[in-house]
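What follows is a set of structures to go through.
Presented sequentially are two complexes of subunit A, the first with subunit B as partner and the second with subunit C.
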Partner chain A sequence: MPLIGENLGYYYQKERWIFKDIHLSVAPGEVLGLSGYSGCGKTTLSRILAGYIKPRNGRVTVGGGELKRNAFRPVQLIYQHPEKAINPKWRMEDVLTESYTPSQDILDAFEIRDEWLKRWPLELSGGQLQRFCIVRALNPAAKYIIADEMTTMLDAITQAKIWNAFLRICRSRNIGVIVVSHEAALLNRICDNLYKVGRD
Partner chain B sequence: MLSVQEGWNVRKTMLLLAASSAAFLLLLLFLGFWLSNDNLRLSVARNLPPSWEHPFGTDWLGRDMFTRTIKGLRLSLSVGALASVISVVVAIVMGTCAAVFGKAADAVISWIIDLFIGMPHLVFMILICFIAGGGIYGIVLGISLTHWTALARVVRSEVLQVKNAEYIQISRSCGKSAWYIARRHIWPAIFPQILIGFLLMFPHVILHEAALTFLGFGLSPQTPAIGIILSEAMSHISTGKWWLVVFPGLLLVVVIKSFDSIGERIRILLEPASSHE
Partner chain C sequence: MSDALLQVEHLSIGFSQYFKGTKKRVIHPISDLNVEIREGEIVAVVGSSGSGKSLLAHAVLGILPGNAVCGGNIAYRGEPLTEERKARLRGREISFIPQSVNYLDPLMRVGKQVRIGLGADAPSVQQALFQRYGLKASDGRLFPYELSGGMLRRVLFATSVREGVRLVIADEPTPGIHPEALAEILKQLKQLASEGAGVMLITHDLMSALEIADRVAVIEEGRTVEISEAAAFEGAGRQLRTEFTRRLWRALPDNDFDLELQGKEEVRIAADRRKSGLLLSKGALDF
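Up next is the complex of A and B:
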């Protein structure tokens, strides 16, 4: 059941299209890279694909059906800023278990220490928070994950570690991944296919 | 890390302060029930300054001011608490509805808020109090129906601010219901504003209760309510009976301050930025 975006178009101000006529398709287990210049609509496109906003044109389907509004969405989005994606008033264990209860294996894969679970988001760094966000998105029911500039704030070594763990789990569960980034080296390294958003 | 958690820390100080404020309020409540009504009978011991027998003195009818003050505080606080709780509940419901249920609901609720604010406060309260037939019932109804508006506006704008936060969108994408999001994400975010609004409403409510009573729509004059005591005492202060106004007024300030202190400590303990100090 592939994730397909047909004929997608979106604008914020009437008739000033950010992008138009975008056709995308990701198969389970595939890693697709989205690249493009800043402000070309990569984030908007990923929000549409994840069902956060409705496209002005076209539609998004997973295995033929459209995304339902009030159920768990099989397409999960990981945001660029983990500080904003975590409720500052919750302890980290609540943040994790909001989606599901992750197994110890996954926590170990992302080197999340037990003592972090009792802390407030304020007391962890951006990189640590982002690992929680990744684990939270890896819900057993997730079929596709969109990583929107997921590791931009990390140093190269941590980036490599996280991508390794993340892609290993996605591969083992046959999860399709969309990687949004403007780092060509990263995209070339991990993606099966590339898609360029926006005109050159 | 561990050494901070063990031993004496700010957290424990906060708990102790909140507990002592709460204990003080409970003591007042207990005293209010324990002191006998006999002290409120008229007697020959008129206009006595404070002494060991009458810590707050006696008034021009020979009633013990300490008993009157404590009993008055008990009544005023229960009226204040009841009216404030009702106002806060109305404010939360109205504010959340305005922010969550789209533009039409927002317009209707904002219009109702404007309507309530536009009416002169006291006139509106007198009207409601009069319709409800006066007494404690009328006061609580009159005050709680007129005091929710300002807080509802604050709640509305706060909810509007947090409801599009990324973590709430993520929660929605996990298939969480609107009720879950309101309960776990939105209300904790607006809790400090609600708590402060609730505590600030207290003195307001007590003063309005006094005003209504003064105008003859509220409690009967022999009921010991702090508002009545203060308004009666005002006419005697020029004759040098300072104890009639100083002690009840002081105690009222201390009680309000204790509520404020409890609220402030709870906020500090719940706020992530300060909870581990």
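Up next is the complex of A and C:
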């Protein structure tokens, strides 16, 4: 049951299209890289594929069916700025367990320390917060995960560790991954296929 | 030592926290940081996430939260950098490019945010800055939520470029922007340095930093573990002094990436699963 975006187009101000006619497909277990200039609509496209906004044109389907509102979203999105994706008034343990309770193995894979769970989001660094966002997205019901500049705020060692753990889990569960990044070296390392958004 | 613009010696930073209601304790994320920046020099500060790089910047600027306790010495142009002096200098002689795009005012148009502190010819200077960083004149009318992550970075950078700046502290100025804009920002930092300013470039993007930096300070768990010439980062990293720095260097996607993690687990290399069709094949990525 592939994730397919057909004929996608979007604008924020009427008739000023950010992108048009985008066709994308990701198979279970596939790793697809998205690249393009900043401001070309990569994040908007990610939000459309995850079902958070409706495209002005075209449609998104998972296994032939359109994405349902008010249900668990099979396409999970990991945002570029974790500090903006976490409720600042919740403790980290509440953030972590909102949709499911992750196993200790997963917490260990992303090196989330127990002492962080009692803290407020403001008391953790961007990289530490992002690990929570990743674990949160790895709900057992997730079929696809979109990683929008997931590790740009991390140092190289942590980046390598996180991608290693993340892709291992995705592979074992046959989750399809869309990697949004500007870093060509990273995309070439981890992706099966690449797609470039926008005009050259 | 007379040409040292900024000298940070044995800096420690602690935070007092309340727990169990009224009991107080102090945690020490930074224990011993040493950095020196000379005029016209670019020093990159790298290290793992959460190692205290941003705190270093905030300590120099005097914008740590109220519950922070600082130790050690910070000197700027040969004199101790007191809190009053920090308040007087920041935004004028010492400029700051913050890490989080949350530092922009969400309710102010970005053009206006760039015009703050520019004086009488603010509109024309702002236009010139926008043009230099590849932002359209019409983008100035937008609010931060209407811009992409990479565009916000460039707006943040534009807010920090001012006349008379002697020390630039750039906290992760480059994530999420495309290579052309990245090159422009690096060029700009280099330009500031060649005009005599000192630059502290806090970053994870070691590859980009090495293009312009003179020296690299490596921080691990709140301590400076190594300060090396940028030229030492080459090949397998044999000229690097500490194991941590070597691992940091080798973990780049351009180098070995996660090789040290492999072997433990079976890791399939993606290359044999490539498909054609609508999608670009690998290596066709030409930006």
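Rule of thumb we're sticking to: the second predicted complex is superposed on the first by the 200 of 200 C-alpha atoms of A that agree within 3 Å, B and C clash if a C-alpha of one lies under 4 Å from a C-alpha of the other, contacts with A are read in each partner's own complex, and residues count from 1 in each chain.
Everything below uses one rule, namely that a residue touches a chain if its C-beta (ideal position, glycine included) is under 8 Å from a C-beta of that chain, and two chains touch if they have at least 3 such contacts.
What you are looking at is a predicted structure, and each value in this text was computed from that prediction instead of being measured.
Once the two complexes are laid over each other on the shared chain, residue contacts for A:His81 go to subunit B and to subunit C alike.
In the superposed model, A:Lys89 lies in contact with subunit B only, and not with subunit C. By the touch criterion stated above, A:Asn188 is placed in contact with subunit C alone, subunit B being left untouched.
Shared-chain residue A:Asn139: touches subunit B; no touch with subunit C. Of the two partner chains placed by superposition, only subunit C is touched by A:Thr152; subunit B is not. Within the superposed three-chain model, A:Gly126 lies in touch with subunit C and out of touch with subunit B [touch as defined at top]. Between subunit B and subunit C, C touches the greater number of residues of subunit A.
When the shared chain is aligned, subunit B comes close enough to touch A:Phe72, but subunit C does not. Legend: residue contacts after superposition of the two complexes on their common chain; A:Ser46 is shown touching neither subunit B nor subunit C.
The intersection of subunit A residues touching subunit B with those touching subunit C, taken from the two complexes, comprises 81, 84.
By the touch criterion given at the top, residues 46-51, 54, 99-102, 146-151, 153-154, 172, 175-182, 204, 206-207, 247-249, 251-254, 257-258, 260-262, 265, 267-268, 270, 273-275, 278-287 of subunit C touch subunit A in their complex.
Those residues of subunit A that touch subunit B in the shared complex are 50-52, 70-73, 76-77, 79, 81, 84-89, 98-99, 120-123, 136, 139.
Put simply, subunit B touches subunit A in their complex at residues 165-171, 173-177, 184-185, 188-189, 270, 272-273, 275-276. Subunit A makes touch with subunit C in their complex at residues 12, 23, 25, 30-33, 35-43, 80-81, 83-84, 124-128, 149, 152-161, 163-164, 168, 171, 182-196, 200.
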